[in-house]
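Heads up: the structure comes next, in structure tokens.
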Amino acid sequence: MVTAPPPELLIEDAPLTIAGRQFRSRLMTGTGKYRSIADLQASVAASGCEIVTVAVRRVQTNAPGHEGLVDALDWSKIWLLPNTAGCQTAEEAIRVARLGREMAKLLGQEDNNFVKLEVIPDPKYLLPDPFGTLAAAEQLVKEGFAVLPYINADPLLAKRLEEVGCVTVMPLASPIGSGQGLRNAANIQIIIDQANVPVVVDAGIGTPSEAAAAMELGADALLINTAIAQAGNAPAMAKAMALATTAGRLAYLAGRIPVKAYASASSPTTGTITTAS
Amino acid sequence: MVTAPPPELLIEDAPLTIAGRQFRSRLMTGTGKYRSIADLQASVAASGCEIVTVAVRRVQTNAPGHEGLVDALDWSKIWLLPNTAGCQTAEEAIRVARLGREMAKLLGQEDNNFVKLEVIPDPKYLLPDPFGTLAAAEQLVKEGFAVLPYINADPLLAKRLEEVGCVTVMPLASPIGSGQGLRNAANIQIIIDQANVPVVVDAGIGTPSEAAAAMELGADALLINTAIAQAGNAPAMAKAMALATTAGRLAYLAGRIPVKAYASASSPTTGTITTAS
Amino acid sequence: MVTAPPPELLIEDAPLTIAGRQFRSRLMTGTGKYRSIADLQASVAASGCEIVTVAVRRVQTNAPGHEGLVDALDWSKIWLLPNTAGCQTAEEAIRVARLGREMAKLLGQEDNNFVKLEVIPDPKYLLPDPFGTLAAAEQLVKEGFAVLPYINADPLLAKRLEEVGCVTVMPLASPIGSGQGLRNAANIQIIIDQANVPVVVDAGIGTPSEAAAAMELGADALLINTAIAQAGNAPAMAKAMALATTAGRLAYLAGRIPVKAYASASSPTTGTITTAS
Amino acid sequence: MVTAPPPELLIEDAPLTIAGRQFRSRLMTGTGKYRSIADLQASVAASGCEIVTVAVRRVQTNAPGHEGLVDALDWSKIWLLPNTAGCQTAEEAIRVARLGREMAKLLGQEDNNFVKLEVIPDPKYLLPDPFGTLAAAEQLVKEGFAVLPYINADPLLAKRLEEVGCVTVMPLASPIGSGQGLRNAANIQIIIDQANVPVVVDAGIGTPSEAAAAMELGADALLINTAIAQAGNAPAMAKAMALATTAGRLAYLAGRIPVKAYASASSPTTGTITTAS
């Protein structure tokens, strides 16, 4: 007879804690590239995410087709993560981070000092500049920001950013929007092994299997935008990514089986056949 | 203001249908290698699976440590999939399949004619014999069995088995129990493209990311045993595998983004910064 | 002062021996898909190959653009490997194999009983039929052929073909002409581990790195056609493939370093710096 | 009848040019971790390399077992590449670089201003520090060095180092000595696409297939030490690496075939069988 799973077999997972703030969801999403506001709303809801990143410059400038983007989400339930997308230098990023803080206040999040720091001088590959990022991070930490820097998966850079007071590191899995998946797994693994702050894998994830794989490495959270917003059915993909993020986290906590060179029978082969009478 | 996801964005998925019988879960599990009966029970419950495979020879012989295995599950809710593990020839497999049908009746499943056909002469790699499998499948189909053959990922063999009346094909991802993951993806993709019966990827899956990846290819279902039973925490891994199976299925239905060689910004970089007054 | 490498450090490699015949080159090539006869000639020369496979049906039928193909090569130096490309059944393949033997005689190779056996009913993926291949192989062995069967990478099938007297097995790396590289490495490794005849990896190799990887697994030889014939510069690619085949073989014999999870310094870090006076 | 390859089919490759100096070999080796001086000598000879890197601190300190290392090679034929292995800061690396220049003079290379710059504060993963590396590079360029910096595969860092006057960039494939192969291929590809100086892939290559793969990406050269020095047979592996480096380069120049989703016959299947009379 089947009984309920004994309580001692359930896994307790600590909440994701960033700058003292706790979150249950380990999937963050964005607001870019959705086909419609309705798609955005449905996807955010389906993802179960508690943190949504917004490009401050987009909102400031009312970029075409994005009017009303900020009004589309319920900021009493979603934590705003302003980002500095579009900034090519540390100076620009610092200015936009300050604007982001204003935006948070206007949305009713008085104590929200988070900023996703992006310093991206390169228009083709959209890869972050380690030098500008470090310089901006140092200044923003001094100004009291909780800085979440977007970086190439360089373990030395990650360590340095942690040392200057960043509250997470956000290494990219592969170039943003490329959907190439985990192309820097060896370095991301080292970053995770060394980090004392949460590691959020950001950019490049294209599928739930890749999302799960990043979490199985021990990442603390993921940020996924394009793979959801541009999927054939965005809300369904949002749900798929949420499930995969949880699946990967659970598997990390549960402990996977070792990889073996050869087969190992699920069923013993020693039994002898007896004829059922 | 957030509204509920519009109904038109939800994805309808047909049930998994095998031999006319419908199942909602696309994850099947096994009963081998668990550390305890309690672990087995909790894992089956956590997996949400509706089909559990049982090695008929094990039950017949009361293999050490597995007494009571059959009594541990609620067969009014779980569909039995008897398997012929331990059979090296077509003849043995046919005999064990018949015993499996008896077992199903004893457990109250009068109309259960399913059999997972395994013909495995090789004790080291535990790979199935295509010739013995085909021969046994032909005979078992004649005897009215619903045959689910376990096979190497050979598209020609899969087609042939479908032609002789098998109700699914079950290609292996990598050697059983190895946890090597999807090592035959190119062939499994072809099998899926060609199949008119459900394709169940069986053996070798080690992690939720690999489970999701197999479903993203378009597999109809998965069978996972060792990766759950031998995980550090089996019920937690069972839950993780269930989530990943659903995630991969949803992603397949939703449609993933294309892989791009280069980056593509989530946020437009054309905005100009305006100072918040 | 540099001295010559001590003799004891050189590696002796046995010749490739198939059906008692010895070859120094471990790269075989084909004659299909070249842009010109000159390209074919230059490529065969650059590859250093000693075995060239020819589609018997093509020659029999003087397929458009291939007149003179047989006259283009010096059959006093190149060993002909007639193949049964285009045959969908065992019966067709057996007939074409016999025609191949006639062709070898006409080209002055009286004692050439080799045949590359291809039984391919599937026009889309061009994958070989295990059942037709085994049936044809059994008959051709009886007729005194040295049979080199082209197969999907199924270890059980490979073993069975060896048991009926085939002189090699030729598993495919990925679908023919696809250039997808080694997509069946796990199975090919098992085939190599079990084989008592040479294992020739055939079809799907696209680059020298993939050629080397197949040889590093322990394959005895490679057959590469499309990746050479359709390369931007076919003779240069032929040379590249020849070098990579030798490189992979040498590495297999030399013994690679183990893969380590972490770094290991090439240079000790214990030294202290002394100032040059 | 076979004729020699027409001259127009041969590929001309420019020499590798670093800081105005030309080299024919695209494989560089090191002197660390060999089992014996004889092994080192035979391996350098077998590799055909023209550039050998030496850890200046090792030579300065006569590290155990390495006495006579410098005398073991013929510096009238091999170009010395002094490296700063063991330096944790920019200051240390600058001092050791100057010592390296002295060493080159003592070995008769008066005009050798090359230095392989390594700034590695991390003793576990031995990954280079981007900030210390950039600082040291700027200073050493001012002092007239030809600087070849060893870096994590960060395209922005690579670009910055090129801008300050480095003569190559040397991204790592995976952690040094790990033999993990190309784990940063996506980033290395971007570095190659953007670079105006030679890109030398350094560290992590374990096999000839991985060496060839790096060259097929378009890398200009490789530096391989551990995978040769610690191979079962070091000189044989040195030869294998040399062949693979050339093979990968040739393939890059020749142009590989595209990867196709499905098969494409080498031999046409349209012929009809005619019976040989």
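Read from first to last, the chains carry the letters A, B, C and D; within each, the first residue is number 1.
Just so we're on the same page, contacts are C-beta pairs under 8 Å (C-beta built on N, C-alpha and C of every residue); 3 or more make two chains touch, one makes a residue touch a chain.
This one's a predicted model, so the numbers in the text were calculated from it and none came from an experiment.
**Student:** If you take the chains that touch chain A and keep only those that also touch chain D, what is left?
**Tutor:** none
**Student:** Suppose chain centres are the mean of their C-alpha atoms. Which chain sits farthest from chain C?
**Tutor:** The most distant chain relative to chain C turns out to be A.
**Student:** Measuring from the mean C-alpha position of chain A to the mean C-alpha position of chain C, what distance in angstrom results?
**Tutor:** Inter-chain centre distance comes to 46 Å.
**Student:** If you average the CA atoms of chain B and of chain C, how far apart do the two points sit, in angstrom?
**Tutor:** Here the centre of chain C sits 35 Å away from the centre of chain B.
**Student:** Centre to centre, by mean C-alpha position, how many angstrom separate chain C and chain D?
**Tutor:** Centre separation, chain C to chain D: 30 Å.
**Student:** Which parts of chain D, given as residue numbers and ranges, touch two or more other chains?
**Tutor:** Residues 125, 127, 175, 180 of chain D touch two or more partner chains.
**Student:** Make each chain a node and each touching pair an edge, then name the shape: line, ring, star, complete, other.
**Tutor:** ring
**Student:** Kindly provide every pair of chains that touch.
**Tutor:** Taking the chains two at a time, the touching pairs are A-B, A-D, B-C, C-D.
**Student:** Considering only the defined contacts, which chain A positions touch chain B in the complex?
**Tutor:** 1-6, 9-11, 30, 32-33, 38-39, 41-42, 44-46, 55, 57-58, 60-61, 63, 71-74, 77, 83, 85-86, 92, 95-96, 98-99, 102-103, 120, 123-127, 175-180, 203, 206-213, 216, 225-227, 229-237, 239-241, 243-244, 246-248, 250-251, 253-276
**Student:** Any idea which chain B residues touch chain C in the complex?
**Tutor:** Checking each residue of chain B against chain C gives 121-122, 125, 127-131, 134, 152, 154-157, 159-160, 174-175, 180, 183-187, 190.
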